[in-house]
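Here chain A shows up in two complexes: once beside chain B, once beside chain C.
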Partner chain A sequence: MRPGAAACWAALLWLALALPPLRDALEGSMRMHMLVQMPLLAATGFIAVRALAATRRARVLQLSGGSVPLVLAAMLAASYWMLPRALDAALADPAAAVAKFITLPVLVGAPLALAWPRLGTVGRGFVWTNLASMLAVTGWLYVAAPVRVCNAYLASDQYEAGMWMVWLAVAILFGWLVGLFVGAAAPQSATPESTAVTSSAARDRHRLVRAP
Partner chain B sequence: MATSSYTPMLDRGARGEVLAAIAVAVVTLLLMMVFGLLMRMEQAQVIALGPTWFYQLMTLHGAGMVGVAGLAGAAVMWHFLSQYVTLSMRIFVANLVLFLIGVVMVLVSVLGGQFQGGWTFLFPLPTHAMGIWRNGAAALFMGGLLVLGVGFVLLHLDVARALIVRYGSFARAMGWPQLFGHDDGNAPPPTVVAATMVTIVNLLGLVSGATILVMMIVNAYLPGFAIDALLAKNMIYFFGHVFINATIYMAVIAVYEVLPRYTQRPWKANKVFLAAWTASTAFVLFIYPHHLLMDFVMPKWMLIMGQVVGYLTTFPVLIVTAYGGLMIVYRSGIRWDVASTLLYVALFGWAAGAIPAFIDGTITVNYVMHNTLWVPGHFHTYLLLGMVTMVFGFMYYITRSGPAGGDCALDRLAAGIFVLSALAFTLSFLYSGKASIARRYAEHLPEWVPYNRVSAVFAAIVVAAVAVFVVRFLARLPIATRDITRPTLPRGVQA
Partner chain C sequence: MTRALGASLVVILAALVVFTWGTDGWRAFTSETARREQVLRNPRPLPAVVLEDQDGRTFELSDYRGRSVAVEFIYTRCQSICRSLGMAFRQIRDAIAPQRLEHELALLSISFDSVHDDVPALAAWASAHGADGRHWRVARVRDPAQLGPLLEAFGVVVIADGLGGYEHNAAIHLLDRDGRLVRIDDIDTPQRFLAQAGLQP
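Showing the complex of A and B:
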């Protein structure tokens, strides 16, 4: 997809999410609010930034201090919007609603889009494992809370949202692992060498050689 | 069918950081062994520590041993795996630093805060201490384990990264193209297969462990956020069993790498080998319910699964490794030194240690055996004569000064004494279990004391032998960094 088209799709998605019918539908239940509307808002920021030219993304990344501060910023902003009080405010206070529609794309989706390519397998793995673990804990908090934590939602809604979070955490972990099994990148070297000791550090070491 | 040959070349010396990790692990191991000895002496009524100190030592002994097994296993894996893939030394060091921070937190929580809830921190015990320790001590202990776990997550993510870069996917690193297709003889080496398996299972286990630890820390301060005790136990044992199982799968890499150097025969990653490791990857994830066979509220199907998978998981990797070990040594002309002897004995310890677990994993047996010393008998055989012995074998291998050796009479004597006393020590546990002596009790009935005294004597001898291993290892550390041919090669083979 061309960068311009991607940016248009991101803007359209953002506008659609802001329209009253879709907004009402998604904010009507806690699970849709937290697990559909908010991730989609973050996705608009992610898509919009990915539509930028690579040089411009690199410049912004450099000005931001690298990938780690951006990921931390995204995690912090995302954590705020998981708080029950923030959910209530987003429903009752128009200013908080506007803040949600701005901060989720700008402070969650955009930083992740900038940082993601630079994170590498270790960084991404840490994000996924941390997300799965924290999502499971947050889900449990909503399930186990002895009181209704949101004025806007019923306790049953809260329980349902919590269970969805737990299952989503399991799905994220499973999906990430399946991704590693399938593998996106081609191996570094041709497979016929794979049995031999081929790393540069090991060329002069003990070597196991198998002949066909 | 692919044929294999072996080209003798120099053995790679260990990096200083790897040696530092091994040194930290074995010095801590020795300290934990002393704690274990004190516990046995308390039960033997030779000393009088009192129950508070006993349970503090028991907690430290358990957490410490699991930690050092993980650290030493990771160091062995890192040393050999780095010959096939490019690993990050910074992350290895980060794991070591986080390990040390975690150990300090655990030590402070136990020795300063008197936490004595056992290394398995089973809910709700850590936060229901009846005034013996405070919530802060429990939170510090669990926080320490969390820090330790983060270090291992980082380490395994780096291993995952390196495997993906080199092989493209976990599937290729596990040798699936050769397993499910034509075996073209290009399957990854055993070290890579084992490291992939460990990475998969440990990442899942550690995420589960981190999740329940955070939940329990929250619950410690906000008890209104209740935890389902059965769910907590499942998550803890999933994490705990996977982690401790993975330590031996990391340490066995030393067997796969070192014995072929001694025998000049390759350890083949053939279809049977690959199938065994793939099967064990799945089984290790589903076996943990065998720890919960006495929990009558567990779903019945899970208990049956625990027993069946417990039977199945005992065999694949163990059989291919033990059989492979026998075949690689048979008529090879191997010259036995301390390193090769310990690595070979470790295969026996692993195999022998699995049998009591196999028996205890049977539901009807479990009802009467699980809370006896039979179970410590199993895991001491498996870990002391298996996993830890592999690490000792690696220590002697890496500190050899050349094919001519460097083992002195003291080394050989210590190795012989260690094997015999460790065997007697573990058998004393098993025999105590057979006599229905309860485990995790600070005070024992008078009828149980003779068993404990015998056990304490052998434990003391084990500690003395291990002290020799540790001192000799530390004294010969500079040799360990050299790239030299270490094994004593079979007759007729030029080094």
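Showing the complex of A and C:
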């Protein structure tokens, strides 16, 4: 994806999510709110990072201390929005809604996009397993809670959301394990990091050559 | 490496601050707990609203000044949780001597279904649950436009359940002698509510 196109897609997706028709539809149910709207908001940040030139991305990475603090920030910010209280606030309090629409792209999606090419098998494994465990624990709490945890959502909706989260956690773990075995069967000579750098550098050179 | 460590520490510290702030010091993870904590810390004044009871008499919350009031929110077609609400109020009423009900604690069930719950519907619910209309009144907000601000002041959120009914954060609310909301308790522990309110029989 070209940088300009990435910025466009990110902005379009973000706007679509923020405008009433889609926003109301997604926030109307707990599972759509948590499992569709929030991941898509994070995705806008992830895509927007593609709009940055490789050198600038490297600079931001260096300034922020590499991939570890970035992954940490993404995980902690994501877990905050899994709190039932944060979910309720995002619906009842405009300030919290604005915070959600800004922090999910900026503190979850963007840091992950910056860190991802630098992460090896262990780092990516940490991200996937951590995400799965967060989903499983929160989902299970939602299913097992004897009371409604969100004032804005029905008890049945909470149960459904919890079940979806548990199954999503299972699917993520399964996908990750399959990926591990497939990856082990066909080992790559280069690390993800160097591949990314080489390919983007190669692309830049290619452009330079073709430029009149 | 040093930068990575420093940045990670900053991230963790920032997260600790945000989580502590967002959960009132790791106590309130749901908005319902937060609502109860807030009311305990800062008693809330309530808006002046005209209510209409099961006998068609109009009154206001301020008419109860000098007496505490236990308030619950109901709708008369409710099958599930409002039964427990009615039950809890009955237990509270039975636990207190009549003269104390006269002077110290009144019971008030307020319907949030202004459209369906007219006076006859309130009267039917009242007689089914043993509300006498004197110590225990069943009422609705007479002007539906005043319902929203009232629910908001109490922090009660009502949502349609898609089957023609509603779900809401049911609780027992205590108004003090000055008409301020001072406590919110679970509906299944009326004895504890009485003890906490200093109304132990």
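In this text, the second predicted complex is superposed on the first by the 181 of 212 C-alpha atoms of A that agree within 3 Å, B and C clash if a C-alpha of one lies under 4 Å from a C-alpha of the other, contacts with A are read in each partner's own complex, and residues count from 1 in each chain.
The criterion applied here is as follows: a residue touches a chain if its C-beta (ideal position, glycine included) is under 8 Å from a C-beta of that chain, and two chains touch if they have at least 3 such contacts.
Remember, predicted model here, so these are calculated numbers, not experimental data.
Participant: With both structures fitted on chain A, tell me whether chain B or chain C touches more of chain A's residues.
Facilitator: B
Participant: Contacts for A:2 in the overlay, against chain B (first) and chain C (second): which applies, first, second, both or neither?
Facilitator: neither
Participant: Go through the superposed model and pick first if A:132 touches only chain B, second if only chain C, both, or neither.
Facilitator: Only chain B; A:132 stays clear of chain C.
Participant: Check whether A:181 is in contact with chain B, with chain C, with both or with neither, and answer first, second, both or neither.
Facilitator: first
Participant: Once the shared chain is lined up, is A:85 touching chain B (first), chain C (second), both, or neither of them?
Facilitator: A:85 contacts chain C only, not chain B.
Participant: Using the touch definition from the top, say if A:64 reaches chain B (first), chain C (second), both or neither.
Facilitator: Once the two structures are laid over each other on A, A:64 reaches chain C alone.
Participant: Quick one: classify A:155 as touching chain B (first), chain C (second), both or neither.
Facilitator: A:155 sits against chain C, while chain B stays out of touch.
Participant: Return the residues of chain A at which the contacts from chain B and from chain C coincide.
Facilitator: On chain A, the overlap between the chain B and chain C contacts is residues 147.
Participant: Residues of chain C touching chain A in their complex?
Facilitator: 3-8, 10-12, 15, 18-19, 22-23, 28-34, 157, 159, 161-162, 167-169
Participant: Any idea which chain B residues touch chain A in the complex?
Facilitator: 2-12, 82-86, 88, 91, 153-154, 157-158, 160-161, 164-172, 177, 184-189, 200, 203-204, 206-207, 210-211, 214-215, 218, 224-227, 260-261, 266-269, 483
Participant: For chain A, which residues count as touching chain C in their complex?
Facilitator: Those residues of chain A that touch chain C are 64-66, 68-69, 72-73, 76-77, 80, 83-86, 88-89, 92, 147-156.
Participant: Over in the complex, which chain A residues touch chain B? Could you list them?
Facilitator: 120-122, 125-126, 129, 132-134, 136-137, 140-141, 144-147, 169, 173, 177, 180-183, 185-189, 191-195, 197-199, 201-202, 204-212
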